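Presented below are the structures under discussion, each in the form of structure tokens.
Both complexes shown next keep chain A, but they swap its partner, so chain B is in the first and chain C is in the second.
Here is the complex of A and B:
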């Protein structure tokens, strides 16, 4: 009984520790002033201002685009690579693993400066900042997507399913994309959403590579910090709500897809 | 000309020579079992026939056609794997109809009709819309079987299909597979390491050992006349005595290069000495212990330090107790000379 109480206290303390900063940020964003103990003058003017300002909505849209496009490109590339590895060249898998783990070890700032110094002098489209940013993001999300897809492939015994489909008259390419991929969609969707969330929150890379060319929500927030504390707090709350919505969407998608595949046994 | 012919098939995985010059003929409509311990090459031979492995040398002929290098999808060979290998995102019906849909030769209405027929054949009516995760192991294996037989394959390959199901269900499925094979007249090659399963199901057994065929024959022939020590040890529960052991307990010599194999059920055991006559050995032994095996009691007895096993039909509660002296009668014709492994 005592132990149970202690557990509850620990969990409550952790929850408060995690939620309190966000809660205070939100409170700060809905009051005009907070100079004494309690804030004064409740208002929603910061939110109204943000939602009526295209200068804020556009960066949100840009952030969304720049988070989704690299993930789509990278997912397609990894699936094609995994097809080749699973079907034709299984011995390449260990090299793929090493290759896909390297980005974990490279910090964002090093990656961004490296890419910028290497490609900025080259002709278009390589020196185009948006192209550069998208391709850099592809590298950033590579480990997350690769791991997710690889683990999903392991969990369904892809090699055996491929052989079965072949014996039943399917080509290996058809078997991979008609049987293997639909069966790993739950795993892929989780990796995709995780990757999108990571890119959605990035500031370092986008600021170095395309800060003045492509204002995302994070850059907008950074600039706003010097102008208005309440407005930037409102931006933080909106970004948090959006990320929450995305994560929630991913989780419900995952459970819906998984329901079909992993229904509890009747017997 | 046989329906399926393997000609001098060799296959290696690295330094492991898995198949060593296999020559094998299989007739149409037979249920043939490839029997042997793990790693003896039986599954590899099956995979070569399915096109999932390529032999290092040799030819595979199916229905007068050389299929050695043919793509698996054009061979019209059905295969059922040990792990069921059902497509998890498809229902029972979708799994079964998968191959026919791919062929694009059959109309949708016919596919539905054939699917319903095979579902009934494997007794899965009512489970058409279930997903593999909702089925038991036995049901999944029946879906895998149905998925193969709906294609009307030239030959159906079953790679240890019953290893993952429990003993009671295994017996039922053995019977069901045999019934379906007979009803459809399909040629079926069954891979197993279970000698009882091979005995129950097969028209012909090919016993594999270390990449070679040790012995082939009808199940009864395989059981009653094993040719080698390995065959005697793998099929049935023979007591195998080397020449020295045989000489110690009987006083007679076995032919050079041969061991003597004695089936446990051919040894008579009694509490009193018997008069065996000229054509039998009378031996005195001491009971070491016994284990009930269903309707059979398996005694272990010791003669001059050599252990023998004896099967007695479990008809009464009159048992021979451990430590008791017993008298064994072994007909000479039941002492089979089998090639020793060194020969």
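Here is the complex of A and C:
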């Protein structure tokens, strides 16, 4: 009984420690002044101002574009490569796995300076900052997307499905993209959303490669830090809420899928 | 014979992926390594590395980065250990709540985290004002824009990650083991030091190296707090490639290689210790 209490105290202490900065940032954003111990003058003006300011809404839109496009490109490229490997050259699987795991180990900053220093002096479109950013982002999300796609292929037993389709007279290309891919879309969507949320929160890579070319929400926030405390705290809260929506969307999707699979298996 | 080109047609589907990986992962990585051994005049040299260790500014960056990462990792893993132990021993409901908080706050890093700490502990931060009002010295005098401030913010982002990684490790400890130790009249300390710790040590060390790598390459939090005014490896690296200073790609590449070597070392050390432990037991 005593031990149970100790556990509760430890968990409560850690939770308070972790939630406090978030909570105070939120409180800070809904008061017009916080100069003494307690904040004064509750207001929503910072949020109202932000949501009517294109200077904030445009960066948010840009962040969504730059987070979604690389994930789409990367997913398509992995699927095409997976088609070749699953159907024609299974022995390459090992090497693909290594290539897709390397970005885990090299951190964003090293990848960013590597790409920037390699292509910045070259002609367009190689030296175009947006192109550089999108393709670097593709590498960043590669491990997550690869894992998601690979696990989904394993879970539907792709090899068996392909064989069946072939016996029934379908071509292998057609079988892969008309039968396998639609079947793994639900499984992939989880890692897709996770990848989008990772890119959504990136500051390192965009600041190094395209800081002055493409103002994302994070770059906008960085510039704002030196101007207005209250507005910055409102931006922090909005960005955090958006990230939570994405990751929780992914998690709830995942648990719903698992439940569905269980039900199907039981049936 | 006419069948052959058609037979290899499928390789075209592999091509875009290969182009992406080769040109934006492999070549940039190799360029960084090769360039670090090139002098500004184009000859092969070790000067870039010698410069890092002979100039105070850069030696300081290496030392600061190691201290910051080691301390934040150590504190993070200790707190996470007790957190995971508590989660392991509590009800499912409390545990789910705890995991929810950890998952949520693990998204809170980088710029937003730095900003939140500026509000809390900065020069006119809420807690600093609070400390001044009530005469709590360490709050009133806390300087966020220093190594201590960095350590504090880094610990914050280490805890959720470390706890989330350690909870499944703790779940690997079976309750029967403890019963057996108690049956053989061993104490709780016996159980922890002779059974539990040796069992979870490899995973704990693995988590430690993940945390260390996570901290040593972190950039956004430190950059938001101190811009280029504090010597840390990631900040000195990016400075050589972007910004107001004269760009020195070769030197910056050498710094980047040092950063990679430190991350590899951390994982080798943790692997090495856990292997030796296994050897002892065998």
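Following the convention adopted for this analysis, the second predicted complex is superposed on the first by the 228 of 267 C-alpha atoms of A that agree within 3 Å, B and C clash if a C-alpha of one lies under 4 Å from a C-alpha of the other, contacts with A are read in each partner's own complex, and residues count from 1 in each chain.
Heads up, the rule we're going with is that a contact is a pair of C-beta atoms (placed from the backbone, for glycine too) under 8 Å apart; a residue touches a chain by one contact, two chains touch by 3 or more.
Everything numeric here is computed off the predicted structure, so don't read it as measured data.
Legend: residue contacts after superposition of the two complexes on their common chain; A:190 is shown touching neither chain B nor chain C. Contacts of A:160 after superposition: chain B is touched, whereas chain C is not reached. In the superposed model, A:109 makes contact with chain C only, not with chain B.
Comparing chain C and chain B on the residues of chain A they touch gives the larger count to C. Of the two partner chains placed by superposition, only chain C is touched by A:229; chain B is not.
In the superposition on chain A, contact is made by A:3 with chain C only, not with chain B. In the superposition on chain A, A:18 contacts chain C only, with no contact to chain B. Put simply, chain A uses no single residue to touch chain B in one complex and chain C in the other.
The residues of chain A lying in touch with chain C in their complex are 3-4, 6-8, 10-11, 14-15, 17-22, 24-25, 28, 34-37, 74, 77-78, 80-81, 83-85, 87-88, 99, 102-103, 105-118, 135-136, 138-139, 142, 173, 197, 201, 203-204, 207-208, 211, 218, 221-222, 225, 229, 232-233, 236, 239-240, 243-244, 247, 251.
Contacts from chain B toward chain A in the complex involve residues 50-52, 71-75, 77-79, 81, 83, 85, 87-89, 98-99, 102-103, 130-131, 133-136, 147-148, 151. Chain A meets chain B in the complex at residues 156-157, 160-161, 163-171, 174, 179, 182-183, 260-267.
Across the complex, chain C meets chain A through its residues 10-11, 13-14, 16-18, 20-21, 23-29, 31-32, 35, 79, 82-83, 85-87, 89-90, 94, 97-98, 101-105, 107-120, 124, 126, 129-130, 133, 156, 159-160, 163, 213, 217, 219-220, 223-224, 234, 237-238, 240-242, 249, 252-253, 256, 259-260, 263.
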